[in-house]
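Both complexes below contain chain A, partnered by chain B and then by chain C.
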Partner chain A sequence: MARNTSPARKWVVTVAAWTIGFLIFFPILWIIILSFKTEGDAIKSPLAVLSSGWTMESYHVVQERSNYFLHFMNSVIISLGSTVLALVIAIPAAWSMAFVPGKRTKDLLMWMLSTKMMPAVGVLVPLYLLFRDFGLLDSRIGLVGVLTLINLPIVVWMLYTYFKEIPGEILEAARMDGASLRNEILYVLTPMAVPGIASTMLLNIILAWNEAFWTLQLTTKNAAPLTQFIASYSSPEGLFYAKLSAASTMAIAPILILGWFSQKQLVRGLTFGAVK
Partner chain B sequence: MATEQSRTAARLMVSPAVILLFLWMIVPLGMTLYFSFLRYNLLMPGMETWTGFDNYYYFITQPAFWPALINTLLLVLGVLAITVIGGIALALLLDQPFRGQGIVRVMVIAPFFVMPTVAALVWKNMFMNPVNGMFAHMFKAVGLQPFDFLSQAPLASIILIVAWSWLPFATLILLTALQSLDREQMEAAEMDGAGWGSRFWHLTLPHLTRSITVVILIQTIFLLSVFAEILVTTNGGPGTASTNLPFLVYSQSLLSFDVGGGAAGGIIAVILANIVAIFLMRMIGKNLET
Partner chain C sequence: MKLSHRAMFGATVALALSGAAMAETTITVATVNNGDMIRMQGLMDAFYAKHPDIKVDWVTLEENVLRQRVTTDVATKGGQFDVMTIGTYEAPIWGKQGWLVPLNDLPADYDVDDLLPAIRGGLTVDGNLIAAPFYGESSMVMYRTDLMEKAGLTMPEAPTWTFIKEAAAAMTDKPNEVYGICLRGKAGWGENMAFLSAMSNSFGAKWFDMDWKPQFDQKPWADTLTFYLDLMNNYGPPGASNNGFNENLSLFQQGKCGMWIDATVAASFVTNAAESTVADKVGFALAPDNGLGKRGNWLWAWNLAIPAGTQKEEAAKAFVAWATSKEYLALVAEKEGWANVPPGTRQSLYDNPEYQKVPFAKMTLESINAADPTLPAVDPVPYVGVQFVAIPEFQGLGTAVGQMFSAALAGSDTAEGALAKAQAFTTTEMTRAGYIK
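Right, the complex of A and B next:
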């Protein structure tokens, strides 16, 4: 880094970047603050809010009145379930496309991607009716299935781009040393593939956790994940700022933390490997 | 190198994913297409009759269709304008050396991880609410009348909310691209006396072109189907002022129980998305070759 920057310029950039960063982050910071206030204090003017007392009350009330824990667990089960299922289907597929590519591998990958381009609303009606007829409306298993399928193309793609980077020579060396196919996969490839699989998993959990079309359409109460639960605050409950803030803070906290770990993979996964 | 045996194994390993995705694509879409030619109302089960293109005709000629189509496009274009221009500016800023780079980066990326329903409700209640929202407090503090964002300018407000969620995505990708810019070339241009403007125009921007295209195309795919933000803020209103195509299909099929009409709308949405998808697939396909 041989860039010569004057101290004055660095100072200006620092101030500008911090100001803009703070403004962008502010709505999140604000709900965290409001979640520790009483309802009465939360609707006051910003300065009065800051100078008022702190309390954990809203967190207790949200859990007591609405069984927050159930919705939280629904989110966990649905996002983890769909991610694991997608990985189970995608790992062998991506594996064989990366290591035993055929003439049509590229077309196959492009076709998989094209299924992701279909807008959800185009299949809303039949899916809703199918779910109704099979008794899957408001069921966790139904949502796990749908989220697995909508994220499957991204999972295959991401894994493919990671597997592609594992050098083929290592495989040949292992084979020369007399490793069987089973040992080759277990002891040579798997350890090298773990980081890629882990990042794919992370990104997919984030996407599934925040998915807000099918979760809103196909659940109402028992299987409702946090997206749907928070949506129930849209009126008139939303006027209870402190409770909405507490519920929101708990809903976004796990993903914010996971997300910060996955910045790099995010770029790669969401651009289907087009930007690394 | 690959033996016949390993090819067969490979095919077996790919097939579950292919079969599932094929079914996922073809079955519901086929049903949508089929329903779109039926007069089919959920309130009158067993009365389905073939109507040809009537559903399409009624869907397109209903008064809400053109506003919905225009709103869909405005939403996409508005968010794209804010996130691409803002994203370039932010990426350029964050690419400079300054104190606390890591922390600022984390703050800028954070909104992307906020689920759409939370993002929309927080903006709606805590910021845009005309009585207790922060903007109302700020307006009052300087002696202005509070502005009711979501009923006076519903679409613009939704564009703002969605742009807040997507700005981090654009910034992150453009920043990643900027970091692969050739520093030496930059410095050489600087020494040759090229000003900031011409360096940006002739070196940085061309370098970013591909990433900008990717950002635009991928965001467009997602922005064409914005739904949750509308549902929890304005419910498409007032009137149809903030109804987009997905919301119109939803309200027609699941609120008015008109399955046939909703299906026709769904097919129209699919066609619209496919026009964009074709461009995106070409882009990504090209990258796959190099």
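Right, the complex of A and C next:
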């Protein structure tokens, strides 16, 4: 039964929600605004920035100077590739942990998560040497592998949590009807866990898209994704805020749009299992 | 028919052979995002006309990202880059490790003796030139001529710190958001510590004595930090502990700073009417001193170096020689004007009457000549570097000490407290690293 709320209370809550939403979105909005200003206008006080003229100049410069499409395609391939690979490994792993847990499953899960606690830079040199010796430096395959491994603990954990919410009896019923393990996972478990898998996938794509340590350290030019594209416009000595904003807008736009269209799925997945 | 087949076969072979003879060598150049480097990328046609067999691929990165990226690569011999842009901090360290190809065999017309001695000195290891300077900078005082006049003062060409304080007091007009002086406060070895280390030289301070013992417990460092804090707390902008080069540049361009002591490269930004509201009201002076024989200015250069182990050494050398040549300076002057020529590397540029007309040319040269990386402090020191100490540990030390001094500026610590912490921390780290026996 819905709770009774007074119109005034509803109004206050709505305003508060919009205000918080706006505050969170504001930095991105400001980047987008600055990207349409000249370098001179971009450093003015906020009010002067808003009242100054609009221009596409920064976008022209960025287009001229960088190969955006190459970086964009690298980002797409790396984030999708690592997500698909992670799901292929994590779905069976999460299945076994959720439905046929062993004595050490909990410890195993904790250990997996603990690998995320080590600072990435700690393994930079060993990994760089491995990449060098296997000829993987500046290759998309190498990055797909690394990002898969980096995000795998989170993917396994998320899927494990979703799978736990699915009654094991349904799977048992499928087994009694003669379903093989493959068919059980593919035709019974997966369709029921679609919201969970979808939100894990989306989150993983976003994490891989934004990953800015390994993608900068292990690439040079051929496999460099959008993170390097942004890094090439930042400078500690020289105000290139408008160009940097234009580059940032171009880099975040695809993932922002993806997030926008899939937000329903994302929210549904994240709250999946919250109500029993 | 038979004949035409034969002709076609012959033509194909000829084409293949000529293709092999013209085989392109592609070199990868890692570089920073600064105006001079970006400009060069637009002028590459001149290089390709001279070297049609070499293709250059650029990897442009933010300074700190680039530093980490190329360090990993050069240390592991990753071979991802054929030419690296490195600073005067890395050059002697990497040179000593044998990570760089010596550049002693550059062509005669390169005229290596034309390189400014201060810059060349910092790039020479055991008598070998291990990197070629692309652009050099020092620091100097930039000030508002109108505010100085209004205050009834005249900036000397070589001011003292006492004068700077007097002028800062006279120019400050807080109700109208005009602050007498803007200086770096943001923590970092290349941020506030670049400024404070250089400033400390003019106060007779130094990072280490000849036995590598830290000197923060000595009077000259106390004088430096107290003077700096006093100056900034009374006449500096609010929130200065977050200000680096870009923040101060923005404040100066908006007319909120009376004086700003920072990199000479800023001169071209603050005098650019398209971006600066005070472009026609800027004067320049040497960095201040205290009459002890050293000025508070630093010395930095971005240099092109070739990592040892590159497979394309010849092509890389051809590129480095071209990019740092007199010919390249002339090319920039012709296409983009004298004010845009990369400064601070060659004496011949400063002898050129055309270049002497650039307003900040003379001051840049004098500032660079006033800094000696091999003799940075008043007393002898065991290290090379004016605003840094060219040892691998310095990045970590400088940033940690920078955080302590930045905290003192923010008001969460006192000058004495910050200095005591810096002394204790540096002593521990230098002992651990084996410098202090």
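Throughout what follows, the second predicted complex is superposed on the first by the 183 of 276 C-alpha atoms of A that agree within 3 Å, B and C clash if a C-alpha of one lies under 4 Å from a C-alpha of the other, contacts with A are read in each partner's own complex, and residues count from 1 in each chain.
Everything that follows uses one rule, which is that a residue touches a chain if its C-beta (ideal position, glycine included) is under 8 Å from a C-beta of that chain, and two chains touch if they have at least 3 such contacts.
What you see is a predicted model; the values in this text were computed from it and never measured.
By the document's definition of touching, both partners, chain B and chain C, reach A:43.
Of the two partner chains, chain B is the only one touched by A:108; chain C is not.
When both complexes are overlaid on chain A, the residue A:198 reaches neither chain B nor chain C.
When the two complexes are overlaid on their common chain A, residue A:65 makes contact with chain C while staying clear of chain B. When the two complexes are overlaid on their common chain A, residue A:221 makes contact with chain C while staying clear of chain B. Taking chain A as the reference, the larger set of touched residues comes from B, when chain B and chain C are compared.
Once the two complexes are overlaid on the shared chain, A:137 sits against chain C while remaining clear of chain B.
In the superposition on chain A, A:128 contacts both chain B and chain C. By the touch criterion defined above, A:30 lies against chain B but remains apart from chain C after alignment on the C-alpha atoms of chain A.
Judged by the touch definition given at the top, the superposed model places A:231 against both chain B and chain C. Taken together, the two structures place residues 43, 45, 124-125, 128-129, 216-217, 228, 231, 233-234, 238-239 of chain A in contact with chain B in one case and with chain C in the other.
Taken together, the chain A residues at the contact with chain B in this complex read 1-3, 5, 10, 13-14, 16-18, 20-22, 24-25, 27-28, 30-31, 34, 43, 45-46, 89-90, 92-93, 95-97, 99-100, 102, 106, 108-110, 112-130, 149, 152-153, 156, 172, 181, 206, 209-210, 212-213, 216-217, 226-228, 230-231, 233-234, 238-239, 241, 244-245, 248, 251-252, 255-256, 258-260, 263-264, 266-267, 270-276. The touching residues of chain B, when paired with chain A in their complex, are 1-2, 6-7, 9-11, 13-14, 16-18, 20-21, 24-25, 27-29, 31-32, 35, 90, 93-94, 96-101, 103-119, 121-127, 132, 134, 137-138, 140-141, 164, 167-169, 172-173, 176-177, 183, 187, 210-211, 214, 218, 221, 224-225, 227-228, 231-233, 245-246, 249-250, 253-254, 259, 262-263, 265-267, 269-270, 272-274, 276-277, 280-281, 283-285, 287-288.
Those residues of chain C whose C-beta lies close enough to touch chain A in the complex are 28, 32-35, 38, 41, 57, 59-65, 68-69, 72-73, 75-81, 190-191, 244-246, 249-250, 253-254, 263, 265-266, 269, 274-276.
Taken together, the chain A residues at the contact with chain C in this complex read 38-40, 43-45, 65, 124-125, 128-129, 131-132, 137-138, 216-217, 220-221, 224, 228, 231-240.
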